[in-house]
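Can you read through this structure? Questions will come right after.
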Amino acid sequence: MGVTLPQSDPQGRPEHYLEGFRNRHGLEESGVEGNVVTLVVNPNIVPAVLATARECLQIMHLSYITVVDRVGSFELTYELLDLRGVSVRVKTAIEGEEPVIDTVTGIYPTANWHEREAYDMFGVAFKGHPDMRRVYMWQDHFDHHPLLKSFEISTKRTFEGLR
Amino acid sequence: MGTVIEYLNQEPWRFLVSFAAVLFLTLNLAAILTMSERKVAAYIQGRYGPNRVGPRGLLQPLADVFKLFTKENLSPSRADRWVFLAAPIAMFIPAAAIWLVVPFAPGAVVADLNIALLFFISITSIGALGVIMAGYGSRSNFALLGALRGAGQLISYEVPLILSMLGVAVLAGSLSLVDIVAAQDGGFWNWYFLPQFPMLIAFYVAGIAEIKRIPFDLPEGESEIVGGFMVEYSGMTWALIQASEFALMGLISAIGATLFFGGWQPPFEFLDFGNFNWIWFGLKAALIMFSFLWIRWTLPRLRMDQLMDFGWKILVPLTIFWLFITAGAVLAFPSVFG
Amino acid sequence: MPQLGQGVLKGMGITLKHLFEKKITRQYPEYKRELPERSRGLLTVDMDRCIACLQCMRICPDHCISIEQEKRDADGSGKAKPYAVGFVIDDSRCMYCSLCVEVCPVNCIYHTEEFEAQAYNRLELARQFGERPVDPTVDPKPAVKKKKKPAKNAPKTEDQRAATVQRAVTEKDEAT
Amino acid sequence: MLEQERVAESAALSGRATERLTNPYLRNEFGLETIDLNVGPQHPAMHGLLRLILELDGETVVRCDTVMGYLHRCQEKIAENRMYPAVIPLTDRLDYFANMHMEHGYCLAVEDMLDVEIPPRADAIRVLMCELMRLASHLPSTGFLMLELGAFTPILYAFRERERIQNIFEAVTGARMMFHYLRIGGVKADLPADIPERIWEYVESLEANLQRDFVDLIEGNEIFVARTRGVGRMSQEKAVEIGVTGPALRCTGVDFDIRRDYPYSWYPNVEFDVITDTGGDVEAGYRVRIGEIKQSIRIVKQVLEKLPEGEVMGDVSRRIRPPEGEGFGRVESPRGEFAVHVVSDGSDVPYRVHYRDPSFVNMQLLQEILPGHYLPDVIAIMGLIDPVSGGWDK
């Protein structure tokens, strides 16, 4: 019934995880420093990589999904924790204005709202997501994605409340 | 001066004057109880409570009433206006009408009905009707939920309330409150709370449920349905509902004091003040009122299904069982139980 | 009910004990607590020590400090050094983060213990410290640009809005 | 492709609303006659501004949809237009019930990029302040849980304790809630001389008050037990699957605590144990929080005993300009794992700051475990997760 977590000293585990990933998928880049495994992966095989992390390597926790707008391409970082000291960072880059990538809610259900937030803030669409709606902004008549670099914030001061 | 009192004692005037006195008592009791509730709550929670209006805050009820007079009476646009406005009146009737049968002092009762208990029960059910009217009338989901909860709770807690009072009626042999108080004279060992202790507990708990106070606060579930049936009321209509709730609280404690703690009977013979015995009645009722306030600021609220289970599965069997025991005792030892 | 009500009675006993304990609330307007030495209240500026270096204007996250700088030879040393003619702190925007207090080289801007900042008009919350009143409604954002001297206040576009603002500011001057 | 989906979605939503208005006896797909209850943004038990659209069959929740964004200030966009030190006062306003932890997370992320060495005394003061903040957050969250169950008194006792902690914070940092006390590379100023005794004295008095005002008043209360035992029960798999962290996860039995598993700052030098419970329901959550209060008191005492000497600020240049790259910070806030991911492009303004807020992720529990509970249980489960609207709305 309980969730089994790896034992507590993270000695050989990062290398073990790296081996696990390396012989299953073609990684563009990979590295281990301290207790952090960093992988750079092609966007199409992200769900596959996360599936091996979840099923084969028992990494249970997806911490967050960060999207960085590199003007023209989007850089996604999936941070996975195995709840005992080792974290795995899967990085991908998607080209083009209308970025689309497969969803990982099937593997890590916690990604549901992370992906909705990424869609709301950046317009990155996740194919196959159960309910792809905006998280913060209102649904209709707001066709902008605020965190894009092209979205200018206005610092004009409004003083209509003057008496 | 004496003739004026005789003149007033004749029937048409006597009723009008006493009814005005009772109405005056109900409204003032509500005002004083709101003030005392805020003071008791504050003292329990380590703060002072209202102490800005008047000396040590004593004029606070006046300030509250004045504020509520000036507040606007809103009613929701899609509300059923007549039901919406009739609900507070329906809730205020029991709080005002039942004082007529309560004996304050020897010989000082407005109407000595010989079926006073029956009168009390039938009038309090109008209060339950008032809650449903308020909930339905305001046409909002929160109010609807509050009203349905209120209907379920008030009507199903009237059963243990009635049964717990039957025990006293069986012992006193009459339904009139004056006779019940008369039957409890002599020291406090004759009072009915000793032979009827489980009934007192059932009456007390059902009484809290009847006046919709924590832990049976569900019709007005503050943190769930934000005020329940009262959510759409404001200004004087809301004040009327609050006044009726507090007056009903005072009333339940007055009836409790009369039934179980011997009304205006002094605890010992030598403490008898003759016509001034209403001091004892006031003291006992005040103690019960304080216990209501004390419970309200300590306990959390029950859930609807737990409330129903507690009412039907624990209170009703307890009262029926104890009713049989009392009736058996009265039959077996007629001398002892009068 | 699992137990027979002991938990409820124990809780009632505790609240009864609290009923007779000493109360802990302070009656605020009559009794004002003395604030600790580091507490951050309203900002104030010691104008004669200010060298108009505009550091505080650049670092302020909410852009509530606006300074009008002029070259003036104040202390007769012949050389015209920068001098703060207008200095406004807009309390309606300040979040008391004290970044300006840390960044000021001469420590002339600091927090007081005054915390009751209330006004009927949001413009009154903009306190002027220099000789000439500075218009608080214009965002001194350009101060943050790198290496470039902060541009003069942006010229006014809507004259009508500025007129009402000016009238409000002058009105305040007559009032004080 | 996505535009049509979104338009179809909002049309369906508005369509259902008009359909319900015209035909009140409409049956939903489960064949139940339900009413939509807007437990709206302005509601006493929603821990800030959250709107739950509950579809109720009588009082049983059939479906729940959360609407967020009422307190969304887009902190991440503002952070992209401010210098690195100027973002710290912003992070106070994220989860405004755990300000110190938010600052700590951001500072750790930026220090991860700069290779600055933080003096041990600064680390110890940071841990001391964070643990005091955990006390000042767990106490009111227990009080809020009782307030939502209907008892009005424990919240006052909780805030009496929190006021005393805020007085200590005011003496140390200058502010009561929005501290802005941590700096990148250390702490703004050293502790005043009388503060260690004052904290020690306060922590002693808290232990006595905790037993009397929180444990005795609440723990055995039958109504509290009836309202919380078995309510919002979740299994360990479900909790880990949804990414729940903090007391809500520990109450199911999974002992994951970032202070021990991903040690940061001065935590390796203090011993404390991770409180877990097996219930997985609201009562277990309450017990875990009370246990964590006791552990935090233990940590505060250890830090006060072993407070190292030395200055409190590392050698950081006045204009912080981290090299191009990424910085990560992860902190155990009173509500769970708070992580910060800062991306810098070499200038003195961060290129991208991403906050992972525990309230935002724990809130996904609502859609999973609410169906089947009564309306009052919805409010109790909010007490179990104890989210803060500044956190989930960022």
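Going by the order they are written in, the chains are A, B, C and D; count residues from 1 in each one.
Everything that follows uses one rule, which is that contacts are C-beta pairs under 8 Å (C-beta built on N, C-alpha and C of every residue); 3 or more make two chains touch, one makes a residue touch a chain.
In this text the structure is predicted, and so the values were computed from the model without any measurement.
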(message) For this structure, I'd like the pair of chains sharing the most C-beta contacts.
(response) A-D
(request) Name the chain with the Cα centroid closest to the overall protein Cα centroid. (result) D
(request) Farthest from subunit A by Cα centre, which chain is it? Let me know. (result) B
(message) Can you compute the centre-to-centre distance for subunit C and subunit D, using the mean CA position of each chain? Integer Å is fine.
(response) 29
(message) Based only on mean CA positions, could you tell me how far subunit A sits from subunit B in angstrom?
(response) 61
(message) Between subunit B and subunit D, what distance separates the C-alpha centroids? Give it in angstrom.
(response) 44
(request) Let me have the rounded angstrom distance from the C-alpha centre of subunit A over to the C-alpha centre of subunit C, please. (result) 40
(message) Residues touching two or more other chains, restricted to subunit D: which are they?
(response) 153, 160, 217, 221, 223-224, 226
(message) Show the residues in subunit B shared as contacts by 2 or more other chains, in ascending order.
(response) 44-47, 297-299
(request) Mark out which residues of subunit A touch at least two other chains, giving numbers and ranges. (result) none
(request) Spell out the part of subunit C that touches subunit D in their complex, as residue ranges. (result) 1-3, 5-8, 10-11, 14-15, 18, 24, 35-40, 59, 61, 95-99, 102-103, 111, 144
(message) Per the contact definition, I'd like the list of subunit C residues that touch subunit B in the complex.
(response) 1, 8, 11-12, 14-16, 18-19, 21, 23-25, 27
(request) Would you pull the subunit D residues touching subunit C in the complex into a rising list? (result) 82-83, 85-86, 88-90, 153, 160, 167, 170-175, 178, 180, 188-189, 192, 212-213, 216-226, 318
(request) Note which residues of subunit A are touching subunit D in the complex, please. (result) 1-3, 5, 8, 35-36, 60-64, 66-69, 77, 79, 81, 83-85, 87, 100, 108-110, 112-114, 117, 121, 125, 131-140, 146-147, 151, 153
(message) Which residues of subunit D touch subunit B once you look at their complex with the stated criterion?
(response) 35-38, 43-45, 56, 59, 146-153, 156-157, 160, 217, 221, 223-224, 226-227, 374-379
